[in-house]
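Each of the two complexes below includes chain A, the first together with chain B, the second together with chain C.
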Partner chain A sequence: MVVLAPLVGAVLTPIVARRDRRVAPWWALGVMSVTSVAAVALMVRVAQEGPFSYYMSGWVPPIGIEFRFDEVSAFIGVVCLVGWLAVLYSFRYIEWLRGLEKPRIPYYYTLLLLNLAGIIGISITGDLFNLFVFLEIVSLSGYALVAVSGERIADMAAFKYLLIGAVSSLLVLLGIGLVYALTGSLNMADVSARLADAPARPLAVAIGAFTVGFMVKAAIFPLHIWLPDAHAIAPSPVSAVLSGLVVKVGIIGMLRIYQIVYGSGAVDMNGLNQVLMWLGAISIVMGAFFAVFQDDIKMMLAYSTISNIGYIVMGLGLASSFGVIGASIHVFNHALIKATLFFGAGALIFRTGKRTLSELAGVGRSMPLTAAAMSIGAISIVGIPPTAGFLCKWYIALGAVQAEQPFFAFALVFGALFIFIYYIRMVNAFYFRPPVDPEILAVKEAPASMLVPILVLAALCLIMGVLGRLPLTFIEPAVTRLLSTAGGG
Partner chain B sequence: MEVVDARAVLAPAISLLCAALVFASGEHTFWRRLFSLSAATIKLVIIMSMLPGSLRGVVYVYDLVQFTPGVGLAFRADALGMFFSAVSATLWLFTTVYAIGYMEGEPHRRRFFGFFALCVSTTVGVAFAENLLTMFLFYETLTICTYPLVIHDETPEAMKAGRKYLAYTLTGGAFVLLGSVVTYQLAGTMTLSEPGILSLEAGRTTLAALFVCLIAGFGVKAAIMPLHGWLPTAMVAPTPVSALLHAVAVVKVGAFGILRVIYNVYGVELLRELGFCDYLAVVATVTIIAGSLIAMFQDNFKRRLAFSTISQLSYIVLGASLLTPFGATAAIVHLANQAFAKITMFFVAGSIQRTTGKTNVHEFAGIGYRMPYTMGAFTVAALSFIGVPLFAGFVTKWYLSLGALQAEEWWVVLVMLVSSLLNALYWLPIVYTAFFKAPPGTQLKVRESHWTLLAPTLVCAAYVLILGMTVTVPGMPFSLASAAVTFVFGM
Partner chain C sequence: MIEALWQNIDYVASVLLFCIGLYAMITKSNLIKKFIGLNIMETSVFAFIVALGVVEGGDAPIMGVGASPPFINPLPQSLILTGIVVAVSTTALALSLIIRIHKQCGTIEADELREME
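And then the complex of A and B:
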């Protein structure tokens, strides 16, 4: 099972690396490789046969624990890819980190693997309580990973993350509790079937609790305050995982809730959709607005995540087939793009020791490959064709028109322009500004273990733009099924 | 008749390959020149090899990638697209030669030639785009690729111009995207292979909003007033960039987009019924007159050229918005006429700047003694803009006036006359100053610019004459334009 491999691997890391801590990274890489192979096998199966389930120790739900692998779960493909690359990237980066004492490096890999295991678990679980357990695994390891960096305000950032994260987890737990009280079941499919005759008001409260809880995890606008510090302070490979994957956990959670509720047809979701649409639009604009004023490159990227989550949430809220397709694609593509950017930013910081745009001026001359990859990432995240980011912008805009909400298409397209303002600053700093510090021209290109992940991801940003059909093979049937149940109920 | 043919993809792809090779070749001047020149030549050959087929009415199509049914990257070389791509490819070859001479010794040449090739690739991509999505894709890529060229000098002024350029054109791009999305929703397709895909069922208000969206989106690059602000500022770019991009690639892509919107998205029939084009014609007229008026007061030569471009581009818009066959002919033919004449002028401006260091019109006294061939080429281009018979500009003016009479809009003829007069007012004094005013000092020796600068200038000037004189010769660009018009009007 894909979850067990990293989970067990994570626990074993300190033991394996007891003698020689240099084994730890290779062990982690091996674990991720095994996981990836399993994930690919599962994805091929789901593409060929459609969704299927696996019952823990043979107990059939609603009693046993069900792992359900459907199209939404195809997210683990990206998780494995980015996770694998993040581990590879950490080889050199973590060694260099000041805040982390050398003997404790294996624990870092433990945390990283745990985090990834949690994300995979959330994507494939068919059980609400399991969902919560995995959510907590992700969150707890996330708090610790933020604190690892040893930057001045790392503890503070991690603490803020912890506090807000804990509240959101409680809300999700409350939602689960309510659902259990209403239906007497925690299995998603079972809940969905039993919800039909549940009283509407408590259910609405449960959905509200879920929504707020998951939206905190996803860092949608008014609930985003924990994100910028945490993502900017964390070590760069962790930032990539947090920004690319962990915030998506909230989205996946939302999708699952939608599946359950649509399936039962118990509640009319239109009100919630309206709220999500607006929150998405506001997030896009506000994220961009804050990012414009950032000089710290990672801070800027962190705010940009808020904007991008705004895209996704808006797409979900539009609830038209193109909108949801666009949102789902962006869950994939944003992971790729943001990982490219955070890896790239990490490489720049690693080599130059500087992290503000004004100090990094001229770095494109000394680190051409990293800078080129980041420029591709920047173009992609703004949604300029033919890169990966364009597809989702296209679909979500289509979705907005389809849902007869042209205003949101407008907000989306012009929000993207706003985002471009600060990415162009980044590209300008790399290439077209004279260096402030002449030393910057003397730095070397990033080491191979960092460069390879950056370039692979940048290439994917381009390829996914051209081969946009690929993720669609997973997403389209899922979305069609989701929305058809909505129409039926 | 449609034929599946990879050449429709190959034409844009060859410059893409060239760009990759240029970036990979590092600072090796020889390889860079070899790649640039051979790619330009091959591209021209590819496009010319499709020309006989196009004249017979063959349309080359090629589907590259499909996103979902109806949305994909697809290429289609119809008559209009062929016309535009032939113009771009021809001028790319000349400009490459010119740029090699002009950029000698400048920094960042690899970046310059790499992005230069990318721009041409995207321009031909726009020309051959089968649907609005493909077109938008190349339209946006063009914006991005021109940015490093505009700010090539990296001076604060250039950076500012670059910012302004991006702000205008990306906003335009956003409008085009919005328009494409709405079009897809209304028509269920985005193809540009039909004479109109929208219908009245969509409702007048929606269609009006969509029209504004698309025309404004493309109009930014076509520099319709009041969306023209970026163009004069972008003149800080090196002259070959101004020449190719601001006479051919960027601005013509905008104009071409407007033609596509009018002829292939809305269709002539529908627009006649809706009557939106009357407003567009008024805007174009204002641009023509105001652009010329502003140009008269510019002392900087390149700025004068910029405002003249703004004015001339609206000929195309005006011709298209008349919705008559002759008007369409004028619009399409002017894509080429304006391009060749304007690029000649830009080449002249660059040559003068490189050889004498002069950039302002009042310093040009006696320059005709020193650079007689260059200024001779300039005179040819100037006469073409004024619209003297035998020169290319006359063809446009003639057909535009005929088109106006077809549409019973006699005032357009008047506009043409006034515009000619204005063009004469600001071009002829330069000719006069250059040839008939005594130069300061006594040096009257002929010192022409380097041949790499002079040869393209002269060839382009010759083209202006050829275009003006061979209208009825079969196989010339004009017949291609007629073929496009025939299709659009279903004749």
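And then the complex of A and C:
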């Protein structure tokens, strides 16, 4: 139900909006509401009863296709929230875009809904091939959404994204093929049970293919080159979805593979963990380093995504309980924070038509609410205590200490300092620098349909910092189960 | 070593195809050629997975009069059917992007495009 609603809704959008295209956004909003209700119902059930499964048309695995809801699937909660707000945000923003002719707007909502359906599908599927299908739904709609904005280099960015993304999907498919060859099964639980007596070397190749494939999706250094252009060029609500949710698809994929392989104990994952740790650390520093030199506000946010994904991957690679917990929470919190920032940036661009920090100087005086929300987002992403970002980074740092890798805790703090520098630049530009262009003082605050998503998310950044234990109670059992099956790993 | 490779000639072929595709994708500067490279890579992975399902002397697994085992494994084929559908839609999207790039910039050579940026 939770997948079907947006999927069917997406296909129906152009038909519903055939008579009057103004229906399309409301329809999309309605579809997302239904999905959110279903998602909340599922999450409540997971919280009360633990993981459970649903079998497509009653076939029992390994023959049938399984949908499995567990703690990792709780990601759909964030997907629904950000997705719903992104649809609401699109009301005004998409109308304003030059590159998109008005009659085609319903198709934009189709793509957006398809994209969200794919992400939800990936979070809850229990079947490897299904994972690939949903991965492709997300990727294809993502490429198209990047091209929507009509900026001059949008098509080029979309094409670059498409080439690299398609190769990564192929690698995932290759990995699935290898796993199928080794085990004769595609159901995740079943594969995990059968892997125990699979030969190690082909399995290692398969895991390698999965890792590289998912790392491209997650934009880990050195496979990040597609991200800054694609995320900066896309329309702002799309940037928020891409940056907050779509890159996490790679992380979810990695988590699933870890679940399978840890469960079987067939291969020693320590080597891979080392690689992930280092790549994560390099991503943090490189992403932050490039972000410092960006003047374009969305470009800066895009590079900041790379460094934040670095945190998540490093947490996973540390493979200590605190590290993995921190990484999992950061998946949630980064989605909230980055969506706040991209929505905010979009609102600034919408009202002023400017996208560089130097031109935006002084905008805090004319758009106080947006600027305040973005400042909260900035504080939160740096990880200053009362906000959401602090908790995850604290946990990942604890994880580094726990795994007796203090160097990585150092890399983390170092990265946080860099991040601090460039967000300070942003806040400084908003409030303290004299406006370059006097017109900037005359612009109005963002319209309500854009302001509401920004403020809701900014408030959540604060609330998640204070109520940090809430996601913890959800994630802790999953992580404990994952690591205990690893044999004390 | 050579013998092992010869026995698995189908897998060797798909690895070779994969490498050819990757080479084309990286070295060619024409966007369409890059994309053809990607298509070759896709085909190689498809061929690899279909080859997994082959059973020596197997029949097509269609039930009916005169059907008798051994059958070849139908699952990889059905998976790849889905995969081909995905590849077709990727191709369609990529080609339409290339058309738009050509309309906007008047060229589809990657190096010339980079100069224009």
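Assume the second predicted complex is superposed on the first by the 487 of 489 C-alpha atoms of A that agree within 3 Å, B and C clash if a C-alpha of one lies under 4 Å from a C-alpha of the other, contacts with A are read in each partner's own complex, and residues count from 1 in each chain.
The criterion applied here is as follows: a residue touches a chain if its C-beta (ideal position, glycine included) is under 8 Å from a C-beta of that chain, and two chains touch if they have at least 3 such contacts.
Note that the structure is a prediction, hence the values are computed from the model and not measured.
Q: Quick check on the superposed pair: does A:401 touch chain B, chain C, both, or neither? Answer first, second, both or neither.
A: A:401 sits against chain B, while chain C stays out of touch.
Q: After the superposition on A, what does A:136 contact: first (chain B), second (chain C), both or neither?
A: second
Q: Quick one: is A:367 in contact with chain B, with chain C, with both, or with neither? Answer first, second, both or neither.
A: neither
Q: Between chain B (first) and chain C (second), which does A:155 come into contact with in this model arrangement: first, second, both, or neither?
A: Touch partner of A:155: chain C, not chain B.
Q: Looking at the overlay, does A:163 come into contact with chain B only (first), chain C only (second), both, or neither?
A: second
Q: Counting only touches as set out at the top, which of chain B and chain C does A:174 meet: first, second, both, neither?
A: In the superposition, A:174 contacts chain C only.
Q: Can A:432 be said to touch chain B (first), chain C (second), both, or neither?
A: first
Q: Once the shared chain is lined up, is A:416 touching chain B (first), chain C (second), both, or neither of them?
A: first
Q: Inside the complex, what are the residues of chain A that reach chain B?
A: 379, 384-386, 390-391, 393-394, 397-398, 400-402, 406, 409-410, 413-414, 416-417, 420, 424, 428, 431-434, 466-469, 472
Q: Quick check on the complex: what are the chain B residues that touch chain A?
A: Answer in residue numbers: 65-68, 71, 73, 133, 136-137, 140-141, 143-144, 148, 151, 154, 159, 162-163, 166, 170-171, 174, 177-178, 181-182, 184-185.
Q: Which of the residues in chain A come into contact with chain C in the complex?
A: For this pair, the touching residues of chain A are 129, 132-133, 136, 140, 143-144, 147, 152-153, 155-156, 158-159, 162-163, 166-167, 169-170, 173-174, 177, 180-181, 186.
Q: Under the stated contact criterion, what part of chain C meets chain A in this complex?
A: The contact residues of chain C facing chain A are 22, 25, 31, 34-35, 38, 41-42, 45, 48-49, 52, 75-76, 79, 82-83, 86, 89-90, 93-94, 97-98, 100-101, 104-105, 113, 117.
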